[in-house]
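Same chain, two partners: chain A is paired with chain B first, then with chain C.
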Partner chain A sequence: MTIIEAHNIRKSYGSLEVLHDVDLLVEEGEILGLIGPSGSGKSTLLRLLDLIEPANAGELSVFGIDTVTDRGTWLDLRRRMGMLFQRPVVFNASVYDNVAMGMRYRGAPRDEIERKVKEALEAVGLSRYIKSRALDLSGGEQQRVALSRVLVTDPEILFLDEPTANLDPTSTATIEEIVTRLNREAGTTVLISTHDLAQGQRLAHRVGVMIEGTIAQTGPSREIFREPKSQRIARFVGVQNIVPGRVVAQREGLTVVEAQGKEIFSATSPPADEVEMIVRGEDISLHRRKPGYEEAENLFPATVTAIEPTAPFVNVAVHCECDLVALVTARRAETLGLEIGMEVWVSLQAKAVHLIPQAGR
Partner chain B sequence: MNGNPIIEGFVEAIELIITLDPQVVEITIRSLYVSLTATFFAALIALPLGALIYFYEFRGKHAVVSTLQTLYALPTVIVGLIVFLLLSNVGPFGFLRFLYTPGGMIAAQTVLIIPLLMGLTVSALSGIDRDKRYTITALGASRLQTVMTIIAEARFAVMSGVLLGFGRAIAEVGTVMIVGGNIRGATRVLTTAIALNTSMANYSLSIALGIILLAVALGVNIALSLVQRR
Partner chain C sequence: MKTGTLSSDPLRGDGEAAPSWWRERGRRHIDWCTAGFCIMGGLLVGITVLALANMATAELADPVHLFKVAASSEVIGSILLTFGAGASAVLLLILFGTPLAYVLARSRPSRFKGVVESIVDIPLILPHTVAGLLVYLLFMRRGWLGAPLSEVGLAFEDALPGTIVAMLFVASPFYVNTMREGFEKVPVHLENVARTLGAGTFTTFRTVTLPLSLRHMYSGAVLAWGRAIGEFAGVIMIAYYPFIISTLIYYSFTTDGIHTSRSIAFTVILVSFGVFYLLRRMTRYLGRYDDRV
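== the complex of A and B ==
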């Protein structure tokens, strides 16, 4: 069942347009990750979907209820959802009172509040602070208080706005674990925005990429990372090689692309004559000598031009008529005995070469 | 005695305080009564008004807040003059017979500190940042619950404002002099008594009252820092 349905959402603050043409469908029970650079509108979109503020235009249904025509239902709908913000927000009161807030707003009976608050604090490992002043806790602990405060209200949809940015690894792990468990056991639908690509990949069933105020691409994270639809998305998801070229032939179901005199095979059918080859650094393998048995369709010698360690990996730039960057593990780099000017063999599978039409042509 | 009159004044002043001189006690109690009552009434009026200004969007809101901030420095003699005219026999409230009574002084000080309390209430509530307001909304608070939560969250900042208002009331001399008339045993308070006794070269009483006034101001400051540390 579709739990959130948004079409053509637009939002401006004064003359600043933050969101435009946003279309989004969220299925009940899924974890959707929203990734994108800072300022791309992720937080604003989550606030609109959680009905904290209205959009300027567009259609939005939550739980199958049209929220644009019927503003009277907003409070009831909002009480079926919950949101955790990037900056830990706690109120000047005890941890207990902080966690109880949402349940008190809903007029829950006192003994139920007490039971659930204790349970929730237990789950985030903060039981011993139940009577402490929330403001005295560390940032990570405050964020866990904020998460418990949302969880005790049993949200059917949980919005997380960069919930673990600037948090210590323990708090991050606790929060991630609780969110995945909640999704798995209670079937809670989760929308999480993050600029941490690894987190998006780790948690989300499906990822949406936001670029400049709109959702540029949605799909399984594997697809977003390997087959980005545009250069901007490719750059954002950390593709090291975006190489312009032109389609010269099609052979045995493969597309042959020529880039600076070098022919490279791709498994993508040609989207245009002038294309960009999108190749992730980790898909490029380096070898000391020509491999005896190699399945990769692209196999050619090259010269190492630069070595840049980014622990635990090493970025290796190679030249072979066109320039490529390979990502190898530090250990593999050691085994290969890489040094600048050295001759290596490069292998690259055709299906790791994704083609997109060249921008601005 | 042939010592320095100022040093003698100090010595006598300490005596007056330690022996709880009836005149000193009476003036101190009246001062506290007038200013505390004025602060109470001002808070009763200014806090809800300040909250209204904060929570409701209307045209000219910014101008209202700026005006309030300008009125923080409202000259006390101007307030004294206006309240005097209002309460005098020819004024619209002459029938109340409030002129030269503690009641009139309370009214004058109330008027004096209302802008301060309103302005400080608005800024105390504005101190609740956007993320907190989003959080309250996201937690499912109704309109009324939102207002109550924000006020509760700003309680210490609002209390600081009230304490500052009391500090301004007890320390001012302009309105109580004009509206109260500094009548011995009826409307004489710490500040007007100090002014009068100093001009009459009655230093010891002035110094004694001055020490008390400073002690009250110090007490307010201690209370302020306690509140602000929350």
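== the complex of A and C ==
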């Protein structure tokens, strides 16, 4: 069942347009990750979906109820949803009172509040702080208090607005674990915005990429990361190689793309004559000498032009008529004994070469 | 008097020699800017201190007369009336000014908002006689509001409601502006958190915004009250009677002469000073501010 349905949402603050042409369908029980650079409108979109603010235009229905024509039901609908913000916000009161807020707003009986607050604090591992002043806790603990404050209200949809952006790894792990468990056991629908790509990949069943105020692509995270629809998305999801080229032939079900005199096979059928090859660095393998047995359709010698270590990986730029960047593990780089000017063999599967039409043509 | 207590050292016994700072003074660096500012500021404070001292010496020389005047039912009644009318005006301001301040604090800048803000500030920039005339013309027996209200038995001319309305008019910008400042300091983000937890707009206002602005509400109310009880020109236009304290002082100044009016004035100074001191002291027990993120 579709639980959130949004069409052509537009939102601006004064002359600043924050969202435009946003279309989004969210299925009941799924975890949808919203990724995108800062300022792309993720937080604003979540606020609109949680009915804290109205959109300037567009259609939005939540739980199958049209929220544009039926403004009177907003509070009732909002009470079926919950939201956790990036900045941990606790009020100057005891942890107990903080967590009880949502239930008090709903006029729940005292004994039920007490039972559920204790349960929720247990779940986030903060039972021992129940009488403490919430402001005395650390940032991570405050965020966990904020999460349990949302959990006691049993939301059917949970919005998480970069919930772990400033948190330590332990609190992040606790929050991620609770959210996935909630989704699995209670079937809660979760929308999480994050600029941490790995977190998006880790948690979300489906990912939406927001670029400049609109959702540019949605799909399983595998698809977003390997087959981005445009250059902007490819850049954002960390594709190292975006190489312009021209389709010259189709051979044995593969597309042959020529880039600066180099012919590269791709398994994507040609979207246009002038294309952009999208190749993730980790899909390019480097070898010291020509591999005896190699399944990859693309196999050619190249020269190493640059080596740039990035944490456990090494970015290796190679030149073979066109320039490519391969991502190899630090250990593999050591084994290969990579150095600038060295001759290496490059292998690349045709499947790993994704083609998009060149922008502006 | 004040400077005397500041420079004397409470820890030093009477018999002890002059403190060493007097001898070390030459070696210490003197910041001429701060010193100059202190002297200039001191002149300003000095005028007030001098005026008070002048009146106090004259009054304390004849305590019997002072007590007779202060204890007279006329003066006590007038002080109570002034304070009461001021308090009524402030209550009305809290009731109507608070929503206005909230709307002004939360709305986006626009031409309309600018106009409303200027209207709120009008009593600030007008001479008080003009303010009094405005109130009089609107609330007099033949005025736009005065006429229908006198039909239902609510008279403003030379009556307590007139006093209250005049006070309300001149004091309103003090309350509204202070309250608005308080609301502006409450982050919208906090309100959003309450709303995501299922609070309606009014519940959010009542449970989050208002508690966080209580101090501003209090100091706005005190400020407005002080302004209200000090009003003269605005009030006498519509309500010469009943005598509020300013009118009483003016009346006795023009009829009984300086002696009696000075005694009334000194009584008022003592009472007001005491009351405002207490009100200021109470501020520290009020409102929670530290959870503004």
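What we mean here is this: the second predicted complex is superposed on the first by the 361 of 361 C-alpha atoms of A that agree within 3 Å, B and C clash if a C-alpha of one lies under 4 Å from a C-alpha of the other, contacts with A are read in each partner's own complex, and residues count from 1 in each chain.
One rule holds for everything that comes next: contacts are C-beta pairs under 8 Å (C-beta built on N, C-alpha and C of every residue); 3 or more make two chains touch, one makes a residue touch a chain.
The structure displayed is predicted, hence computed values, not measured ones.
Peer 1: Taking chain A as the common reference, can chain B and chain C both be placed on it without clashing, or not? Answer clash or fit.
Peer 2: Chain B and chain C clash in the superposed model.
Peer 1: Going by the contact rule set out at the top, does A:25 touch chain B (first), chain C (second), both, or neither?
Peer 2: In the superposition, A:25 contacts neither chain B nor chain C.
Peer 1: Quick check on the superposed pair: does A:14 touch chain B, chain C, both, or neither? Answer first, second, both or neither.
Peer 2: The second partner, chain C, only.
Peer 1: Go through the superposed model and pick first if A:52 touches only chain B, second if only chain C, both, or neither.
Peer 2: both
Peer 1: Quick check for you: in the superposed arrangement, does A:359 touch first (chain B), second (chain C), both or neither?
Peer 2: neither
Peer 1: Select, from 3-11, 111-119, 129-137 or 147-155, the region of chain C that bumps into chain B once both structures are placed on the shared chain.
Peer 2: 111-119
Peer 1: Where on chain A do the contacts from chain B and from chain C line up?
Peer 2: Residues 47, 50, 52, 75, 78-79, 81-83, 85, 87, 89, 91-92, 101-102, 105-106, 146, 149-150, 153, 159, which sit in both footprints.
Peer 1: Going by the contact rule at the top, pick out the chain B residues touching chain A in the complex.
Peer 2: The touching residues are 131-132, 134-142, 145, 149, 152-153, 156, 230.
Peer 1: Would you pull the chain A residues touching chain C in the complex into a rising list?
Peer 2: Going through chain A, the ones touching chain C are 14, 47, 50, 52, 75, 78-79, 81-83, 85, 87, 89-92, 101-102, 105-106, 135, 146, 149-150, 153, 159.
Peer 1: In the complex of these two chains, what residues of chain A are touching chain B?
Peer 2: Listed in rising order, the residues of chain A that touch chain B are 47, 50, 52, 75, 78-79, 81-83, 85, 87, 89, 91-93, 101-102, 105-106, 146, 149-150, 153, 159.
Peer 1: Taking the complex as given, what residues does chain C use to touch chain A?
Peer 2: Touch list, chain C to chain A: 108, 189-190, 192-200, 203, 207-208, 288, 290-291, 293.
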